[in-house]
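Handing you a structure now.
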Amino acid sequence: MSERSLQGENLHLWRGDRHVLRGVQLSLAGGECLQVTGPNGTGKTSLLRTLCGLMYPEEGRVLWAGQDVRSDLPGFHADLAYIGHEPPLKVDLTPRENLYYWIGVRRRISRPELDDALERVGAEQWRDRPVRTLSAGQKRRVALAGLALMAVPLWLLDEPTTNLDAEGQRLVGKLIEEQLLRGGLVVAAIHHELPVPGATLRRLELAHE
Amino acid sequence: MAWTWFHRLGSPPYIYALAGRLTPWFAWPAGALIVGGLYGGLVLAPPDWQQGDGFRIIYVHAPSAWMSLMVYTTMAVAAGTGLIWRMKVAHAVAASCAPIGASFTFAALVTGALWGQPMWGTYWEWDPRLTSELILLFLYLGYMGLRSAIEDVQRADRMSAVLAVVGVVNVPIIHYSVTWWNSLHQAPSVMKLAKPTMPPSMLIPLLMMLLGFTLFFFAVLLVRLRAEVLSRERSATWIREAVSP
Amino acid sequence: MSEYPGDTEGATAALVSAVSTSSASPLDAARLALSRDLRLAFRKRGQLVQPLVFFAIVTTLFPLAITPELSRLRDVAPGVLWVAALLSSLLALEFLFRDDAYDGTLEQYALSGQSLTWLLFAKTAAHWLLTGLPLALMAPLAGMSLGVPAAAVPGIVASVAVGSVALSLIGAVGAALTLGIKRSGALLSLLTLPLAMPVLIFGARATELAIKGGGYAAPLQLLGALAVLGVTLAPLAAAAAVRINLE
Amino acid sequence: MKEFLDMGGYAGYVWPSYGLTLVIVVLNIVWARRLLARSREEARRRLAMRGGAT
């Protein structure tokens, strides 16, 4: 089993007339967290979507465990969790139902496992209410529960602390810390500081042209 | 390396220059063949024993109908190539094909109707060939509609490529089903093309027209291709040379 | 922290085993994708019955437009039923992927490690269960109002049921292709209807033969062939289109 | 000549067919050339804009 690692080699991405990613290099090993910063519109989201294989870079490649991810996309996807700007939740379903379907498509989960995860993010009071009645912060917490439930080594998080109160932000930090302790990798696009210990934290600053 | 030619075909500056050089090599023979075919078809070929001079519509109807199918197939092959190898030039070819094909499909429909009036006594007959041609026109219009509805050129390329491939799988099915449907409801059509018994004086002009139209398609395609390649490019250096007056 | 399957001190090794042993089988994944759509549809029952009501209204229009004479309506009944079925199934298509694209579900499907083609097939199956099957069950009722004899009912149900499989699949491709486009309704029809014409031809013929009391096996088999071809190819095309849309 | 133009009584069908096809052929040439001219113009404009910015 090769070492868990994520590399981006010389990534170039164009969106229409804009050269969004201009030769981005990154390398991340197990137990490390990369914090991607930069003003709006500098390609943080595009970088995450390129890393997870949704977007095709015009040049360069992404390596997972030393292998080009294009050679086995489903295998790579089974190893990663990507949470975008909006938590991927159905407003007509409850948090419990949401997680049951969302995570269930990827891996088998038991009911107690699911309830534990929801309890962990403080959702036991409202886990059976339709998501449309929840606040933005509560939705974000459900997404965090899903993230934990996926049990995958690579996390790609786009602004994971948006809409969260101080306690919620600490929860994000705690989850990331645990993920790193397990030898997992985290790439987070974020405006402010991630609340995790600095030793494992690395930075990538994106800037405008 | 055996694959060099393939990679070179994917290079926009190379294609832009090549298309410019090749255009006259298709345009002039196309012109000569069409003029020759017209003379042969209108003047030299004898009137048909059954349809008289009315049959001469074949010399414009058949090439148009041939174009409608050939261009669609070319478009789908180019689109598929673009999808599989993520080749921008192939998408540019597909994008260039659609308006040409649609216009000739329209010509095939109208000339078919004009031929139908003296043969059937009505302009429109639900003849399988004409019905298929009509559906093909809808397919072209759908393709062009989808393309124009998507702002981003690359996304438009790839989305419409999927549609072109789906469409080309459907064309034979549509043709078969329409023929099947027609055979239930009426006698076989009078409009028979390219009868094996056609004398050479009739057949040769037809073949000239078919080949002439095909070459004409490639000539127009090459001009359009240059435009499409240009609009997909961002690298300034070769464009500056290409467009400097 | 007991909710983590591999959450022990020894970290990496446990995580690896947890991931590799518990991934969902393709069958489970498809079952979940399908049951999620069914559950969502039953939460929004209003949208569920709209295509059916539309079908009923369209079939009512024809007697008003042509004649109330059942003997004459019987002749046009196959065409009326099939055009109405085609349009009703089209009506529900715009929403097939729209919500999922909007709330990120499609993105998660594409990144789930499962085959996107397969998951979209499951979604299309759900769509058929929610529109095609009810239409097939309703078609005989509409047929009766057009003077169709009771003996034709099995033939009508069978042909609409099989034909609507093909319609759902063709529609799924159209819906996926028009995902990123605002006000895509007219374009969706323009893309989908020409592709659906063979289904209309064979379906109407099967219905006609059923009404006349003839053997309708041949057109029904052709419909079946179209459905099989759709099953094998349409989800692939839809998945390609969805991926492009996520780019 | 008159006989040729009459097309054995089919003139009303033959000549419009040829005419329409000719129009389509010519239009294809015109449209293609106009498209190329326009995208060259566009490319030149883009170059000028980029040149002005840097």
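Per-chain numbering from 1; labels A, B, C and D assigned in written order.
Here is the rule we go by: a contact is a pair of C-beta atoms (placed from the backbone, for glycine too) under 8 Å apart; a residue touches a chain by one contact, two chains touch by 3 or more.
Since the structure is predicted, the reported quantities are computational estimates derived from the model, not experimental observations.
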**Message:** As a test of whether you follow the contact definition, which chain pair has the most C-beta contact pairs?
**Reply:** A-C
**Intercentroid distance (Cα basis), chain D paired with chain A, Å** = 53
**Request:** Using mean C-alpha positions as chain centres, tell me how far chain C is from chain D in Å, no decimals.
**Result:** 43
**Asked** Approximately how many whole Å separate the CA-defined centres of chain B and chain C?
**Response** 33
**Whole-Å gap separating chain A and chain B, where each centre is the average of the chain's CA atoms** = 48
**Request:** At least two other chains touched by the same residue of chain A: list those residues.
**Result:** 56
**Message:** Where in chain C do residues touch at least two different other chains?
**Reply:** 247
**Prompt:** Every touching chain pair, please?
**Reply:** A-B, A-C, B-C, B-D
**Prompt:** chain B touches which residues of chain C in the complex?
**Reply:** 173, 177-178, 180-181, 184, 187, 190-191, 193-195, 197-198, 201-202, 205, 222, 226, 229, 233-234, 237, 240-241, 244-245, 247
**Prompt:** In their shared complex, at which residues does chain D touch chain B?
**Reply:** 4, 7-10, 13-14, 16-18, 20-21, 24-25, 27-29, 31-33, 35-36, 38-40, 42-44, 47, 50
**Message:** Which residues of chain B touch chain C once you look at their complex with the stated criterion?
**Reply:** 83, 135, 138-139, 141-142, 145-146, 149-150, 155, 158-159, 162-163, 165-167, 169-170, 173-174, 176-178, 180-181, 184
**Prompt:** Which residues of chain B touch chain D in their complex?
**Reply:** 34, 38, 42-43, 47, 52-54, 56-57, 60-61, 64, 99-100, 103-104, 106-107, 110-111, 114-115, 117-118, 216, 220, 223-224, 226-228, 230-231, 233, 236, 239-240, 242-243
**Request:** Could you please specify the touching residues of chain A with respect to chain B in the complex?
**Result:** 14-17, 19, 56
